[in-house]
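The block underneath contains the structure these notes are about, expressed in structure tokens.
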Amino acid sequence: MDLSVRIGSLTLTNPLVAASGCFGYGVEYADLVDLSSLGAIVTKGLFLEAREGHRAPRIVETPAGMLNAIGLQGIGARRFVEDKLPELRTRGATVIVNVCGTTIDEYAEVSRILSDAEGVAAIELNISCPNIKEGGIQFGCSLDGTFDVVSAVRKVTRLPIMPKLTPNVTDVASFARASEQAGADAVSLVNTFLAMVIDVETRRPKIANGLGGLSGPAIRPIAVRMVHECYEAVKIPVVGMGGIMNARDALEFMIAGAAAVQIGTANFVDPLIWTKLTDGIRDYMQRHQFTRVTELVGTVQTGPVESPTGA
Amino acid sequence: MDLSVRIGSLTLTNPLVAASGCFGYGVEYADLVDLSSLGAIVTKGLFLEAREGHRAPRIVETPAGMLNAIGLQGIGARRFVEDKLPELRTRGATVIVNVCGTTIDEYAEVSRILSDAEGVAAIELNISCPNIKEGGIQFGCSLDGTFDVVSAVRKVTRLPIMPKLTPNVTDVASFARASEQAGADAVSLVNTFLAMVIDVETRRPKIANGLGGLSGPAIRPIAVRMVHECYEAVKIPVVGMGGIMNARDALEFMIAGAAAVQIGTANFVDPLIWTKLTDGIRDYMQRHQFTRVTELVGTVQTGPVESPTGA
Amino acid sequence: MPFDVAADVMANTRLSADYNVLALSAPAIAAAATPGQFVMVKAASGDDPLLRRPFSVFEVLRDAAGAPAGLSLLNKRIGPSTELLYRAQPGDTVACFGPLGRPFTVADRSAQAWMVAGGVGLAPFATLADALGARSVSTTLFYGARSRAELFYLDFFRRLGVELVLTTEDGSLGERGRIIAPLDRRLAAHAPHAPLMVYACGPEGMLAACAKTAARYGRPCEVSVERIMGCGMGGCYSCVVPMRNDRGSFHHVRSCIAGPVLPADQILWE
Amino acid sequence: MPFDVAADVMANTRLSADYNVLALSAPAIAAAATPGQFVMVKAASGDDPLLRRPFSVFEVLRDAAGAPAGLSLLNKRIGPSTELLYRAQPGDTVACFGPLGRPFTVADRSAQAWMVAGGVGLAPFATLADALGARSVSTTLFYGARSRAELFYLDFFRRLGVELVLTTEDGSLGERGRIIAPLDRRLAAHAPHAPLMVYACGPEGMLAACAKTAARYGRPCEVSVERIMGCGMGGCYSCVVPMRNDRGSFHHVRSCIAGPVLPADQILWE
């Protein structure tokens, strides 16, 4: 059984990727999980400089989901390369770095630093963080902005580039197309949905930042729809995520059109999810007689079922 | 304690309204619930003519939510006026009709028929049903389309008009503004989120129509955010909904800016929810010393909490 | 009128690895229920699973004085909600709303009653058999399941004087095969002018076959259909069944209020 | 290394209308846990509530041979997850992941140990008292609650030879008022050169007061902080505490891996 998938020039041994912001820098999980057994890990979002992020409370649970506004606390690109990358290499992890920027130049500069470093497999461009004003979503909500960021980063790196799209738009497929035109090797989606939870007793938002991003199983049906729309719109691979909790959910995204999937919130609920996912996918492939996991991608049949009623 | 709220020229005895498509034509619940005790009921969406809708399965449950694609099965505007309205009047219900159309003319024609009938309190313009292609969402996803539908209906009726906005857009507040400019008396939101659930065993969507609309508590944090954005953007009342399950949730929407709230999916889970909601709101008002429920509207404090860390 | 009860679990009897009978304390519902009606049940305390699920009223339970005290559900574990009902213990409560829907037409003594059950489709027939017994209607239960271990409550029906015709897919009890075969043979053998009423509940394919078979012999047949139900009250339009109309076309009826029991010959079987 | 265990509920002892002690079968976690560490627990089977919740390891339970067999949680019911833990029964299972986090520094015999607990903040001190007892450290528990009915396990601590200083808000047992008052008096009276270690766990306000009071008397103090935790592993950055750094500024540390036990004097109290 062949679980490997391709994202541009990068081959992943399997389609299961740890989502940005939900797996620290990977090193936190190195004793618990064999990092080399994951398709890849995406790091927490990194700017050029270190950031302390928002104050706590930074998350609140919602029905079948959670809101977060971490505010991209992070150690900055250079310290990541110095402090974290060596261990990740030792552990055999395939590392995708989630790159943030307040300006196009910053995206390019961070991408350049990472391209020069040893052990970065690909770049995920975070143009979709809803939680800080200068965190890139101004690019991710404009087709021109998306095109410009991707083009600028394309010029400074030969690493595969994967812009991460926001679901907070009318037509997400048009952002996938803009990314493709600007030279992206793949797109990933969804980032979180901009949302708000109010404590009615204090009449204040429940998280310190006020607004936050909604993730988890609550959003999965919307994310699956969006992944399917992007799959239909572009030729480059689509990396899908949003509420994947088990192998069935991962398969659902792949059948909708995802070449690979990312797991975020579920990692909090079940830090040992990875082997369960692989086992579940293998079992499904066996039952349905698939030999390569890529054969599954986009196989959903959306045509209407015939009906004697013609309804 | 004064629970009454105003939507344009219409006064509701309380802010609790049954959402369209989740309460039949109201008559189905007449023996179970005192219809006159509700602020209002919104009917199932009505076109000019009867429709049989999509084939079953029409719903599927999702984590803390549900997907539906009913396809606006309905008896048409004229039969509604003849067959249902008289009983609703007898029962003392305040009736808001959810008006659908495939063309601007149809919206206007249905609205005219309802304006001529006895016992319609207001019109909710459904320009946001994601489940049928010709069901109005083409208007609801375009600022011009929204403006045009509202303007056309404004010309044929003196009833309060409330366009129902779709959440499947980048900037929902701009649609609230377009509605206000076209003469709407209020806006209501959110309608459902376009979404998809795939049965991985058959690799087909779980509901017959393929795509459906996501409702229920899963979407509540997104809906609260959108209601707040609209509240900040327009002067007309905003009627909020999306996953309200209890009094706390209803209060959350009002504190975010909703002048009234609609209850959809929760009515399926708890058909006797109405008195619980009223009791819970009264209890809250007593504890927090509000005498009029309108005092609550939009009281959320979104400013940052001061912090010694300055973070 | 239906009642909403936070019903205490009185007992949970496991019948097999997937089936159990859950006894719930709900006197008001039990007193009002008629054969073929259902309740909408929610066992989860949070929002997942969110919706209630429809279950036939299996038995009406009575207290020592004979007054209705509760009802039981015959539950088959196939997903999250039925899993919770399989695991429920005394001390737990279950939200239970009902009775709902249009019941079976209880035949009168002049007719024979044939009940056709597939698997968990047995559920509505315990109360129907009771009601038929009270009218001294001669009653037969055609009951098919996968194997002997999944044929339940046989003594219950025997005690009511119900004749049993059993099939299992593996032949471990009764005839090997599907229940339609003996039904067809019996219908063929039944005196044409002796009144007969057929009732069926089970998987969609079995219902369609049963409807066709009954129609072939010109016998009236009522089926209890199973659709995904959001509300059980006619509020959501999720549970529709296409029914033929006079104009050679069809219309969608809500099976929660027009059914779940529907006249088999009017359904547009798919 | 933490372990993930589908832990069987061994017993549920209700202490009051809101508090219970839940015994879970989890030998691997119990064997590895040190005082002050916590576990991430999920009792719901579906996606609501979704996330695990952090709980201190209250007791390490041992089998007849003295080997670690399980652990107990001291649970206070305040929302959906703690409600499920309050209602859990033998026969249920609870997902339990741990042990996690940085434990208390166990004082050695040269020092006295003063544990300051507010309400459910008692939880980490049963195992700490055990560990201190094993080192023959003279130990005092300052323990405040709303009323007498919410002061638990007093005999347990007495049996370990722990001195008890109790306060209740209503004066129903011990001194009336908050626990900081007797702590302050005792600190004032304590011989300046006799080594002393203060440990605290409880509401944020109490921890801040305790930190301030200990600092005023120049005593080292470790506090177990409570932040909303998404993962317990350093993965989500939800649980941060602002800590002073050398440059007169602060940085956010993740209390799930740098804590939950943190040096009180480095925290930037808000």
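Think of it as A, B, C and D in the order they're written, each chain with its own count starting at 1.
Following the convention adopted for this analysis, a contact is a pair of C-beta atoms (placed from the backbone, for glycine too) under 8 Å apart; a residue touches a chain by one contact, two chains touch by 3 or more.
Just so it is clear, the model here is predicted, and its values are computed rather than measured.
Asker: Chains shared as neighbours by chain A and chain C?
Answerer: Touching chain A as well as chain C, we find B, D.
Asker: Name whichever of A-D and B-D has more C-beta pairs touching across its two chains.
Answerer: A-D
Asker: Per the centroid of Cα atoms for each chain, what is the distance between chain C and chain D, given in Å?
Answerer: 53
Asker: As a quick test, compute the distance in whole Å between the mean CA positions of chain B and chain D.
Answerer: Taking the average C-alpha coordinate of chain B and of chain D, the gap between them is 47 Å.
Asker: Roughly how many whole angstrom separate the Cα centroids of chain A and chain D?
Answerer: 36
Asker: Need the CA-centroid distance for the pair chain A / chain B, whole Å please.
Answerer: 33
Asker: Taking each residue of chain D in turn, which ones touch at least two of the other chains?
Answerer: 46-49, 242, 250, 252
Asker: Scan chain A for residues touching two or more other chains and write them down.
Answerer: In chain A, residues 52-53, 55, 63-65, 216-218, 307, 309, 311 touch at least two other chains, as defined above.
Asker: Can you tell me, using the touch rule above, whether these chains form a line, ring, star, complete graph or other shape?
Answerer: Shape of the chain contacts: complete, all pairs touching.
Asker: Hey, which residues of chain B end up touching chain C in the complex?
Answerer: Answer in residue numbers: 21-24, 28-29, 31-32, 44, 52-53, 55-61, 63-66, 68, 70, 73, 216-218, 245, 265, 267-272.
Asker: Sort out for me which residues of chain D touch chain A in the complex.
Answerer: Those in contact with chain A are residues 1-2, 4, 42, 46-52, 95, 97, 227-228, 230-231, 233-242, 250-252, 257.
Asker: Where on chain D does chain B make contact in their complex?
Answerer: 46-48, 242, 250, 252, 268-270
Asker: Looking at the complex, which residues from chain C come into contact with chain D?
Answerer: Touching chain D: residues 44-49, 80, 83-84, 89, 91 of chain C.
Asker: List the residues on chain B that touch chain A in their complex, please.
Answerer: 52-55, 62-65, 67, 141, 168-170, 193-198, 200, 203-205, 208-212, 214, 216-222, 224-225, 228, 243, 248, 251-252, 255-256, 284, 299-302, 304-305, 307, 309, 311
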